[in-house]
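In structure tokens below, several structures.
Both of the next two complexes hold subunit A, though its partner changes from subunit B to subunit C.
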Partner chain A sequence: MVGGDGAGKSTLLRALVGLVRLSAGTARRPGKRSIGYIPATAGLYVDLTVEKNLAFIGRAYGVTGAEYVTRSEGLLERIGLTQARSRLGGQLSGGMQRKLAVAMALFHDPELLVLDEPTTGVDPVSRAELWRLIARAAARDTAVVVATTYVDEANRGSTVLLMDQGRAIATGSPSDIIAAVPGAVGVVRDAVRPRGPSWRSGSSWRVWAPSDSLPEGAESVTPTFDDAVMIAALADGEKA
Partner chain B sequence: MDHLAESRSATIRFGDFTAVDDVDLAVGSGEVVGLLGANGAGKTTLIRMLLGLLTPTRGTVSLFGGPPSRATRRRVGYVPQTLGLYDDLTVQENWAFTGAAFDTKEQALPESIADSGHELVGDLSLGLQRRVAFAVAFSHDPDLLILDEPTSGVGPLSRARLWEDIRASAENGTGVLVTTHNMEEAEQCDRLVFMVDGRVAAAGTLSDVIGDRQVVQVDSDDWRQAFSALDGDGFVVQVQGDCLRVPGTPGQVDELLRRHQLTGNVTAVPANLEETFFDIVTSASRQ
Partner chain C sequence: MRAMVVKEFRQLLRDKRTLGLLIGLPIVLLVVFGYAANFDVSKIPTVVVGPQAAEVAAQLHAPFEVTEIDPAGDRATVASQLQDGKAVVGVVTGQSPMPALMDGTQLFSVQAAKGAFARMAQADVADGVKPPAVTPEVLYNPDIKTSWIMIPGLTGLILLFIGTMTTSLGIVRERQAGTIEQLAVMPFRPWDVIFGKILPYLLLACLDLIAIVLLGMALFGVPFVGSVATFGIGALLFLLVTLGMGVLISTVSQNQGQAIQLAIMFVVPQILLSGLIFPVDAMAAGVRWIAYILPLTYFVDISRGVMLKAEPISALWDPFTVLLVMAIAVLGLAVLRFRRDLAPSTRHHSAEEPELKAVA
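This part shows the complex of A and B:
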């Protein structure tokens, strides 16, 4: 689920997991005990140690004894926090906090994992590690819904929902969304803005011709996913 | 070329910890330079040295050809990630405050934010707050702009507009230094500098930095099984839709899949910037 601040991503996720009631329409989901959900700003207790965070979640889901030890040790190892088990949650780096939060949401092996902007502000190395955790869950048949503001992360989903001002502006696989781009896309290697809907790409411009006829001087290119996202936003007439 | 901001062999130590280690960096007129690195790599410390807020232990920094000072800092526009606006003042009041601080002539609000002049900054959407922060930073015609994650959290159209503003000022001769974790943003820069553990680990244009790095793409009927096999063997696998991307050689990956009785189409493809970043950081920390 991709969109900027205020697009409605968090509210939709909250409706999906049953934290807000829909005014119209329906949401289907597994039972509460089969959902793992992490809101954008929380997911762990900053004043508890890594170990106690896991112990809390274990008790909450009634996982005890040898089963608890196996699961918590396995998770600690997978997120690389075995050595940091006695540190307070709040003393971990942003990336480590998010990894611990994802591990906690996965503790009870949910059928549905819902993550609200798990990678915002996280550096690319920690981000790759987080996506690895997420992919592992998906590979074990957990359904995963992830909200992000980074367009390049949308490429990771098998289905993408682009949102703006509370509405879906495009949906489908990344290749479906690219294939649905109407008209032609061109590149103009010049500082002067070309005629028609256009946006910057480094020192050149990308231009979109909904009617297929590109302005003079534009070289026709195959649209990328980034182009498709821009065009969906332009077509929807997004206001700043 | 005269550099607007420059560091030469800049090094700074805090006790036993070397936060910035022998760094050469230069930002010239009209260029957009991206400064990339993991959290704690030393990006912010380097910027604070360039601004003269920290003194290097060794090496030199210069701002507009001289040592950084209050006078040269006046020629810098800075937009921190937190935007640096007063939430409880209106757009107009924020504008006037900056004007007074920089002693610029009284100017009208730019058209792009004029409609919101009487609104409190705290009541505006994040996209609009960013436009205000940019307008304020641009208002004293800075010769050098320093931007920290300039388009974090904004939608595609607002991002495009902000980059139009950045590009337009670069074309007017302003030098721009951008720090970001966002690879889309990094790809907008003319030149990139990667920092790892306080040192410059790579630098150059996007294509220089990526070089001939490749990753292996795996298209298989069942990505879950292929993922589990490769992940279990220690490969750092990234999933993109139904295909996998892994560092390594096609031969290694092919052999591993065969060992698990899995089939798939295995090809070497050019690495993207994020994969390059991961490679630079992990190979630099191994050394």
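This part shows the complex of A and C:
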């Protein structure tokens, strides 16, 4: 689920897990025991140690004894917090906190994992580690719904929902979304901004021609997923 | 500096509750406390027993309010009425001088009664009529020690402070940290969260209570003549009300500042209105009704009655029942409020499908 700040991603996720009353439509989800959810702002108790945070989740979902030890050790190992197990949640770096939060959401092996911007403000190395955790869960048959503001992350989803101002503006697999780009996309290697809808990409300009006729000097290219997201937002803006 | 002043005003004006509190509370407190602050007891429930009960009762004027005349009664009848809190003064006729038994847990009533008996004696001398010789005899607290009367109630006040303040932060802290939304999605029922929040504090408060009662007995020589079990049940009900009230405050507050303000608004009036300092019966009628809705009022009754008078549970049904109803109401409201906040979609347009298979 990708969109700018205020696009409605968090609200949609909260509706999905049952925290928002729906005025229309339906939300289908598994029972609470089978959901793992991390809100954008939290995920763990900052005044409890890493271990105690996991112990709370273990008790809440009735995972105890040997099963608890196996799972918690495995997760600590995977997120690289084995050494930091006695540190308070609040003393962990931002990236470590998010990793612990995801580990906690995955602790009970949920059928549905809902993550609200799990990687916002996280350094690239930790981001990669977080995505490894998430991908592993998806590979083990967990449905994963992730909200993000990073377009490159949205590319990882099997289905992408583009949102703007509380509405879905495009949905489908990344290749579907690329294929659905109307008009033509070109690249202009010039310091001057070309006419028509255009945006910076590195040292050049990307330009979008809804009517297929690219401006002079523009070299036609195959749109990337980034282009597709940008164009979906522009096209939606034109409609509105 | 001007920038700071303007910013502070803007922030203050945004928080309507704090603003209302700053302006409204001093006025309310002055009016309420002004009418509550009254040491003068105007009515003293009195029983008169023995062969001349009717005649002596006829001679008793305000502040005495004769509630029962029992010619067949004796000293034991009076003692039991005083123990059960049905009367504060009991005159036993049929001997000279007549003993007037007084409930030493009612400090101001005892002082007023002693004064009234002394004035009666002098007035009758002036009229040339033989005064009924009365010997005041104070039960339960013969030296009328203030500490004996204050400490049983103070234990309640201390628990009220600790209990309400600490629990009032419990849920609002989760709300501010954002963890409350995770709790809502976890397999907890609203009362799991509410009681889970309360129970650790209840345990600590019980330990606190034992410590302060023992300390009060050791330092001030306060007696504990009644049943520990009766006291314990009363204390447990009172603690459930105060801790539950804290949690209820927490569920209706958006931030910790609001929670603390509400907790203060709940706690402070009880210092003056619970009968701990000013007798409830001496308060102006409107203010007295506020006293009747405060839990500490009932715990003061129970703790004084049990510790000083060995009042049996049968005489304390009223405060026990009120505290029980309050506990159920407060905890019930906290659970309902919490449910409304946390699980709005359980009843509307949402389907939970335990068997739904993940489609990745």
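The definition used in the following text is that the second predicted complex is superposed on the first by the 237 of 240 C-alpha atoms of A that agree within 3 Å, B and C clash if a C-alpha of one lies under 4 Å from a C-alpha of the other, contacts with A are read in each partner's own complex, and residues count from 1 in each chain.
Please note the rule applied: a contact is a pair of C-beta atoms (placed from the backbone, for glycine too) under 8 Å apart; a residue touches a chain by one contact, two chains touch by 3 or more.
Predicted model only: the values in this text are computed from it and were never measured.
Peer 1: Between subunit B and subunit C, positioned on subunit A by superposition, is the outcome a clash or a fit?
Peer 2: fit
Peer 1: Contacts for A:Gly65 in the overlay, against subunit B (first) and subunit C (second): which applies, first, second, both or neither?
Peer 2: Neither subunit B nor subunit C is touched by A:Gly65.
Peer 1: Pick one for A:Leu112: touches subunit B only (first), subunit C only (second), both, or neither.
Peer 2: The answer is second: A:Leu112 touches subunit C but not subunit B.
Peer 1: Is A:Thr26 in contact with subunit B, with subunit C, with both, or with neither (first, second, both, neither)?
Peer 2: Only subunit C; A:Thr26 stays clear of subunit B.
Peer 1: Is A:Gly43 touching the first partner subunit B, the second partner subunit C, both, or neither of them?
Peer 2: second
Peer 1: Considering only touches as defined above, state whether A:Gly95 meets subunit B (first), subunit C (second), both or neither.
Peer 2: In the superposition, A:Gly95 touches subunit B alone.
Peer 1: Let me test your reading of the model: by the given contact rule, A:Ala138 touches which partner, first (subunit B), second (subunit C), both or neither?
Peer 2: both
Peer 1: A:Asp123 contacts which: subunit B (first), subunit C (second), both, neither?
Peer 2: So A:Asp123 only meets subunit B here.
Peer 1: Quick one: is A:Ser158 in contact with subunit B, with subunit C, with both, or with neither? Answer first, second, both or neither.
Peer 2: Both partners, subunit B and subunit C.
Peer 1: Quick one: smallest Cα-Cα gap between subunit B and subunit C in the superposed arrangement, Å?
Peer 2: Superposed on chain A, the two chains' closest C-alpha atoms are separated by 7 Å.
Peer 1: In the superposed view, which residues of subunit A touch subunit B and also subunit C?
Peer 2: Residues common to the subunit A contacts of subunit C and of subunit B are 138, 141, 158, listed in rising order.
Peer 1: What does subunit A use to touch subunit B in their complex?
Peer 2: My answer: residues 3-7, 93-95, 120-128, 131-132, 135-136, 138-141, 149-152, 155-158, 164, 173-175, 191, 199-203, 226, 229-230, 233-234, 238, 240.
Peer 1: Which residues of subunit C touch subunit A in the complex?
Peer 2: Contact set of subunit C toward subunit A: 177-179, 181-182, 184-188, 342-346, 348-360.
Peer 1: Considering only the defined contacts, which subunit B positions touch subunit A in the complex?
Peer 2: Touch residues, subunit B against subunit A: 36-40, 125-128, 131, 149, 152-161, 163-164, 167, 171, 181-184, 187-190, 206, 223-224, 227-228, 231, 236-242, 274, 277-278, 281-282.
Peer 1: Considering only the defined contacts, which subunit A positions touch subunit C in the complex?
Peer 2: The touching residues are 14-15, 17-35, 37-46, 60-61, 111-112, 138, 141-144, 158.
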